[in-house]
Amino acid sequence: MSDFISDDNPSWLSDEELATARRRLPILYVEAVPVRVDGLGKITEVGLLLRGTPDGAMTRTLVAGRVLYGETVREALFRHLEKDLGPMAFPQLPASPVPTQVAEYFPMPGISAYVDDRQHAVSLVFVVPVTGSCDPRQDALEVTWMPPAEALAESTALEMENGRGTLLRAALGSLGC
Amino acid sequence: MSDFISDDNPSWLSDEELATARRRLPILYVEAVPVRVDGLGKITEVGLLLRGTPDGAMTRTLVAGRVLYGETVREALFRHLEKDLGPMAFPQLPASPVPTQVAEYFPMPGISAYVDDRQHAVSLVFVVPVTGSCDPRQDALEVTWMPPAEALAESTALEMENGRGTLLRAALGSLGC
Amino acid sequence: MSDFISDDNPSWLSDEELATARRRLPILYVEAVPVRVDGLGKITEVGLLLRGTPDGAMTRTLVAGRVLYGETVREALFRHLEKDLGPMAFPQLPASPVPTQVAEYFPMPGISAYVDDRQHAVSLVFVVPVTGSCDPRQDALEVTWMPPAEALAESTALEMENGRGTLLRAALGSLGC
Amino acid sequence: MSDFISDDNPSWLSDEELATARRRLPILYVEAVPVRVDGLGKITEVGLLLRGTPDGAMTRTLVAGRVLYGETVREALFRHLEKDLGPMAFPQLPASPVPTQVAEYFPMPGISAYVDDRQHAVSLVFVVPVTGSCDPRQDALEVTWMPPAEALAESTALEMENGRGTLLRAALGSLGC
């Protein structure tokens, strides 16, 4: 998954060491569904990242990345939101460390709804209201905002990789969308 | 509970009718634990309302009130937060309608941890970050902010009525405090 | 909703009094999605009730009913599960009183995804594993068990009334289905 | 933590490799609070493991262990419950993969309420009803069952290591105990 690449080389873990770990251990991730809410907290828009894949196609995805050694889940969530949405997004991080969903990605298909051919990843998924302006950085081309009904549509799910259409529906379903 | 009195006389239900309903039906409430959070969403302070009771004592309580006919849970939550904390509190209402806790108050003791001698009330309890300034109105004298550890202390629980010390601990416990 | 009728006449509230209350107060309900799970807790089947409507059509619905005065949410949940699934269903009631979803039904359309032309009802919705055999009683003709994918299909949602197809998806989505 | 030792040497990861990973990556764990519930799902007893520490003291702990590569969270939960409670405990695994609590253990104190001097571990914590008889295996001497009030007492918290008294309270608080 291209959204995982940006974490590959923290100074304290070489590429090779991380590659080895990925074949031996489940790797802990955080993912976020950015949303805009009205004054009563109701979701009005869902933000999806638009990305180019290595083979030139376009795909939609969520904010996602690895939790590093020594980093709290909240810190990882904040770091990846800033990385993908820019420094002016002003996300409202959840007061609870309990995620909205837990997604288990396996390299082998059929174990769960989610696949990742590079690793076994377990992802804590949060729905995060953002109040500022989003300025995608790195390899994301754009953040597209759409009403919840459009985010939940079959056509949107088809544009998302690795089972994330299912994950998006599960996360928004948890919130009663 | 004094915090319930302010709802007693909406135009569409006379005092007498409400009194009758309270002896026949469970009444739906919302309650909120106002908190202040840091940039990572971690709770730094918990707000408790200080109130005078009819017999002249002081007691600590939560934001609470009835859900009216035709009103959504979010609208009720917003209305009671504004009533108790003032119009400049700027609460961040939850994106999910699923509460942090459900508290069941009974007039007869021993059924649950929560009692209310006036009625059988079922309360949806939310922890709500507030970002503005609080200016208690109505019968609340003051909002007292304290660190989570102090809010969870035995001495604080003793100042709260109707089992709400237990409720506060359960709500904050849900968030990992 | 036909599933609400069975509660209409408890001895402590006349039909007329309940009818009045329903025009003045939100009425508290519980609903349950019965499921069968495998040894690891994973949902293998979802149970939907098949009912005849007053005008002779068939509709699918959930276990649902009112919480009575003096009754806990758990007791209400157990009573309605027994009423709709029979005494040998052996439901595993949740250890937590916090529901999987909260559904708000309004008589006026457009306020939420759920409608009930008789009343404003707020429903605490639980997903409940049942381990025994189900023998529907009262006005339910049958319990139909189906895999989660079928329960989540558009065609199933169309057979459910009052927005409950949406509710079923939200409840199962919360559990990662 | 002695409860972590039993996982140290799966064939696919040498002791040395695991030791290296533990200094470089957060390690994913599951933990379970075994409970007994009554017919309405209410917790009547909480089960704590009694263990001898390497220096001869006794300590109370939860069911806990690592999630292995290729293993789902549910499978890991089941495996560790069976390991610690024996094959006849018949745990009722949760239908939802979302945990009751997330506990973050750090080797360095002060980052969270939980410490583990061997590693940075992130633990998904579940409250799990067990219906059979428990026969502790391995290094656990005994499972002690106690009412929730006793499990939540200060004296019990003092017998638990690494902040797990706090975790137990948070987990049971989530369930309204």
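The first chain written gets the first letter, and so on, giving A, B, C and D; residue counts start at 1 in each chain.
Quick note on the criterion: contacts are C-beta pairs under 8 Å (C-beta built on N, C-alpha and C of every residue); 3 or more make two chains touch, one makes a residue touch a chain.
Note that the structure is predicted; figures quoted are calculated from it, not measured.
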item: Third chains touching both subunit B and subunit A; value: C, D
item: Result of counting contacting C-beta pairs for A-C and B-C, higher pair; value: B-C
item: CA centroid of subunit B to CA centroid of subunit C, Å; value: 28
item: CA centroid of subunit A to CA centroid of subunit C, Å; value: 33
item: Numbers and ranges of subunit A residues touching at least 2 other chains; value: 72, 97-98, 100-102, 174, 176
item: Complex contact set, residues of subunit D against subunit A; value: 12-13, 17, 20-21, 23-28, 67-73, 97-102, 104, 106, 108, 111-112, 120, 122, 124, 174
item: Residues of subunit D touching subunit C in the complex; value: 35, 37, 39-43, 72, 74-75, 78, 92-98, 100, 127, 129, 174-176
item: Subunit C-touching residues of subunit A, taken from the complex the two chains share; value: 101-103, 113, 169-174, 176-177
